[in-house]
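Report on the structure given below.
Chain lettering (A, B, C and D) follows the sequence in which the chains are written, and residue indices restart at 1 in each chain.
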Amino acid sequence: MRPEMREYNYDWLMGSMLHAASRVSNGTPKETELTYRYIPYFKNVAQSFIGAGEIGIQILKLFDRYYENILTAHERGQKIAASTFCFSPSIFYAMDIVPICMELLTALGNIVWRRGMFDYMDYGVEAGLPETSCSSQRGALGAYFAGLCEPIDFIVCDTPGVCDTNANAFAFTATFLDKPYYALNYPQVLGDDRSQNYHVEDYKELVRFMEAQTGNKLDYDRLGEVLQEVEKQDALIADIEDMHTLKPTPLAPIHNIALYAGKFTFSGNKEYTRLLEMIADSAKKRVKIGASGLKTGDEKLRVYMIYIDHYTLDMNFWNWFDENSVAHMGGMLSHHFRDNIEYTEALEGISYGVDTSSPESMFNSIAQMNARLPMVRSIRGPYDQPNMWLEETLALAKNFRADCLIYNGTPGCRNTWANVKLMVRDLEKHGYPTHIMNDDAFDDRVESWVATRERLEEFFQVRGLL
Amino acid sequence: MDTFYDAATRVRNKPILKWKEEGRSVVGYTCSYVPAEIFHAADILPIRLRGIETDGMDIGDTYYGPFICSFPKCILQLAGKGMFDFLDGAVITPGCDAMRRLDECWRKAGEDYEGILPSYFYYFDVPHKTEPHGMQWFVKEIRNLIDSVERHFDVRITDEKLKTAIRAYNQGRKLLQTVEDLRSQAEIKVSGTDVFAATVASTVMPRGEFTADLEKWIQSIKQNKPLKNGQKRLMLVGSISDEIDLVELVEKDNHAVVVAENLCFGARYESNQIPENGNPVQALAEHYLGKSVCPRMYGKYKERLGFLKDKIECAGVDGVIMQNIRFCDLHGAENALFERDLEAMGIPCLRIEREYGPLIETGRIKLRINAFLERIS
Amino acid sequence: MSIVAGCDVGSLTSKAVVMKNEKIVGSHIIKSKPRPQDSADAAMAGALSAAGAGPDDIEYCIGTGYGRDKILFVKEARSEISCHGKGARWLLPSVQTVIDIGGQDCKAMKIDGDGNVTRFLANDKCASGTGRFLEVMAKVLNIDIDAMGRFSAKARSPVTLAATCTVWAQADVIKYINSGVALEDIGAGINTAMAQRVAMLVNAVRPEGDILMTGGVAKNVGVVSTLEKLLGRKIKKTRKADPQMAGAIGAALLSMEQLNGNGRKDT
Amino acid sequence: MIVAGCDIGSLTAKAVLMEHGKVLADAVMRAKTRPSESADEVMQMAMQKAGLNMDDVGCVVGTGYGREQVSFVDSVESEISCHAKGAWHVRPSVRMVIDIGGQDAKATRIDKNGNVVRYLYNDKCASGTGRFLEVMAEALEIPLEKMGDVGARSTEKLTISNQCVIFAETEVISLVNEGKETSDIIHALHQALAKRVASLAKSIEVAEEVVMTGGVAKNSGVFQAISETLGIQLKPLDGMDPQLIGAMGAALYAQEKAAAAQEAV
């Protein structure tokens, strides 16, 4: 790692920038200009968030809060848990623990910093993670390995059985930093009684682990409150997703990421509810006048991303969608599977409900909910088994009336790269033109945006889509 | 020894072909978490699936994507070429992601190439934890496997038969442990290549035949003259390997002997005997899941390090070679940790990344091994 | 006093050095030929004629490099890692960390006061991070390998590049050329990509003390300066001899040790 | 009307002049660093052969890596579409095109009207390209054009398994050192390349009639090896130079464009 990077604490620096950016909108033009001078590299990105209106600003505020929580946790006597995306942080909030979602930190670093997270990723390799491991954890973890962050207290993840690279990265971290570790493990099927029981048993063990780490018993009243908030959020998301199916969609590409970034960071928190309300309100307004959420105001094509739906630096990818009048129907990460949603009806056993009537029912709800978050839901088992990757993709593509599909991942993703060729073959048979991107969603160096964009444009042109 | 070499270096080896000629069934499995005893009890020959003898990757690459470990790709390649046509069944496990996707890749290839998919194709869901609920899950998984074998092959696998099978396997384990003890001694009477051939052979030979041959071989080792002095005593660890030539390469110029290993096809589980009384399914579960030391069991690094340390001490190891197949994250990351911790204890380590399959990078690997030997001499 | 020699048959270049009294009396470098024997013969003939000596004058000769097992006239072969360690220590006695980047391989090593290697890591992944990567790129840009090194200093905004694969990086480079990016920026991007890979390797052996670079890529100022930035340490310069010769020098020094009887017997 | 297609590839630049679906003249040259220079020169070469100048050419379509840099084109099309179009024009019954150029390999399935149904590029780790063969030809000191013939004389089966161009080169050199016959090594190289490309075609499911385009198709050894690996005989292109198919496809697009423009008038 460059020595000058060691002079800054990674999370402090990120927090400060986001703090500055989130306050820019409150300032006079003069003040704004002055603030921008302090965050020169972040200026473009901050401007595009702020340009996106109050939702963009709310997202910035959310991230600002996120970092503030991390930076001040120990002062406030709270424990910090390192965790992964596709893990519902609601349990942490219920237990008064501050969560860190490593993948989100990597993605955010990529958006905020001009040079992306390269240095930290490379540090991850120097520490011992294989260069071929997933860049999404490796980036932020690199900063932790280098000791440039508020230390974490323990590690919790939910990927054994789902994604090796991910589970392995956290297991490695536990050893490297010598921190306690608990990992939920998922069987290969979802929805049958045996798996459901296993989910609950495993989750109970997890809670016991966290109780031991914090020295506090789980407070069921608090859990109930959090879950009720989750329920509220779920209802809002359901509304938003309903509107998303309309043609033209009232949502902009950036809303998708807001939806899941919020879910992976602030599920069960009031801030996230507020963000969702804003998204829902603005969408409703557009629906009323039949307006598109895209900048061009014109929707020519609808794309559903069959895995990760973003691409590294500078928000290039979303802007490209916007500029080409392509509506972003979200990806595997951004949809959610609570009961009574249209696309879950075709998929048995794949949805969850929230029931706060008793401690036992709450346990069940949160365990089943966690088991239905993106990755742990549909890429845990063979892709062509009932309600797994293929069926889910088809249901979503149909529901959101996608014209074509795009796979985007990271070379570190053994799990999907091992069967994406089969998957695409089947999707094509179902009539969906499908493009495989060869990039790394977190590392520009694997394939430059120039090359990625060219391949995308070629796909749309050759397949007669645009 | 010839039998062992034949078995270890050929996919379609003599014992398997003979077994087939007798009209008996063979089932292949991908991972050391599968209790072979179950098949033995049903008079089915259980063999580990391997990837040797491939001469291209056109079929492997058709189904698997590019960033995948070459071991399961080689298995698929062999399957596609009909090299596994003697199989009556295959059991796939979630050993790692690349391995578990062999399920889909093989099934899809089966749609394109006629006759390459065994009629019995089973997914064995091994959990990643040994906490009580994990163990419970695994016990049920074993019971389900037994049921399905009984149904498909029209056999009865009674507790008695299982116990007999466990006894038969234990005997082999005990003998392999004897070999391990022999090779660890100060005076080396057997090359690492020979020992590895024998351990690999143990995964693809009928147990009775293997045990008998092994017993004879052990007697003959004891008569051997000690190998030349001054050779470095090395240990080989890391990604899956059933490649005899890899060990051979290390020992080639007579500068080193491999006196210990911790490899998936090696003898690492052999020191544990399975209780022969009591509930056999429970005993199998506790052995196969509970005693495992493979990095797919996350969070058990300390146990694995302890295991290495014991071996290093007991075999008087001078240096450890850690290899990982490209795109194998599990072993890649763990090797780095091993290196950190073992070097800190003063044990020299060499970390290499390689491709599985016909040993194509001989020159590059040899260079590193030579430099390593120069370093520790 | 006896004359000793070292011969380093690399994948791209072959080098021979003749030494007397720990001083170089003759050296020669050629582009490697398909057959290592031929390369070795030609390189050694050149070094001998520079030294004004004949083959019979050499009392001990060690071969190294990728073709080391194929050289007929050497007494023994040693790995280039050990040789570069020795050679580097001769080039700069204070050196503790050596980075050797040749045509096929990139190695980072730590050495002790006698030039013995105490730890090393080599790049196993793929050809990026090797001299060959730079050559392929120079070819695509249609420029001289020498010029390529100097691009880093001139670049305004270096491009990011797919450093994971030579072949793929090449495709990216072509895309950049086609979209009219300045050659300097592309060249600098290539040097940076290379340096990033090397830095990862070097950091993983935990560099200490003075660092020296050996092998042909040491001549690429762009890679060297970017690497210095990434490592946050200076890479020492030496004028004693061409760092590309370090392997051959080391081999000659090891020959000397063998003659003097303080060499190791068994390896 | 006379139309032209200009294909600026990573290694070579190609131009084809056509009239009424017939080729008037063509040209191939080694690409220069600047695509625009290559384009100008190769167009000049073709026009000289046909005794024409730029004013005679009604419409030009560009394709290939460098297509965006060519100043004189009226529009651009991707290589995928152009190779499909060109191959289909020469042989309407074709349903799959395997195009191996200098930088990448692609498999494309087309429908009965010559439109692209699906296509796939070579994966990242890529030895299935013309570049691979060039590096090897250089290492073996054999001219590219001769590789096919030399490989055909092979008697011993060797395998080259390294996927990486650079490391495969080392493998080749060590085979040379072991005293292996050049013809056997070349044969093995062709096999290795064919396997990589075949898996590409198989991934999108191989069609009945397959042709090969791009410069590497001129290598009879690769042509044969791919046929064998796919288990079907690749079809010939009836005298048309496979390296020119992309440019030809572009010219056909130019023809369509010109016709549409005339209709509009």
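Simple rule for what comes next: a contact is a pair of C-beta atoms (placed from the backbone, for glycine too) under 8 Å apart; a residue touches a chain by one contact, two chains touch by 3 or more.
If you're wondering where the values come from, they're calculated on a predicted model, not measured in any experiment.
Asker: For chain A and chain C, what is the smallest step count along a path of chains that touch one another?
Answerer: 1
Asker: Contact counts by the stated rule: is the higher one at B-D or C-D?
Answerer: More contacting C-beta pairs are found at C-D.
Asker: Chain B to chain D: how many Å between their CA centres?
Answerer: About 45 Å separates the centre of chain B from that of chain D.
Asker: For chain A and chain B, what's the span in angstrom between their mean Cα positions?
Answerer: That pair's centroid distance is 38 Å.
Asker: Between chain A and chain D, what is the separation of their C-alpha centroids in Å?
Answerer: For chain A versus chain D, the centre distance works out to 42 Å.
Asker: For chain C, jot down the residues that touch at least 2 other chains.
Answerer: Those would be 66, 104, 125, 164, 168, 171, 175, 179.
Asker: Got the chain B residues that touch at least 2 other chains?
Answerer: Chain B, residues with two or more chain partners: 62-63, 65-67, 326, 353, 363-364.
Asker: What are the residue numbers in chain D that touch two or more other chains?
Answerer: In chain D, the residues touching two or more other chains are 123-125, 167, 170, 203, 205.
Asker: Contact residues on chain A for chain D in the complex?
Answerer: 411, 421, 425, 428, 433, 436, 438, 455, 458, 461-464
Asker: Could you please specify the touching residues of chain D with respect to chain C in the complex?
Answerer: 10, 32-35, 65-66, 68-69, 103-104, 124-127, 129, 131, 139-141, 164-167, 170, 173, 176-177
Asker: Which stretch or stretches of chain B touch chain D in the complex?
Answerer: Per the stated touch rule, the residues are 55-63, 65-67, 112, 355, 357-358, 360-361, 363-364.
Asker: Report the residues of chain C in contact with chain A in the complex, numbered from low to high.
Answerer: These residues of chain C touch chain A: 125, 159-164, 168, 171-172, 175-176, 179, 193, 196, 199-200, 203-204, 229-232.
Asker: For chain B, which residues count as touching chain C in their complex?
Answerer: These residues of chain B touch chain C: 230, 255, 326, 343, 351-354, 363-364, 367-368, 370-371, 373-375, 377.
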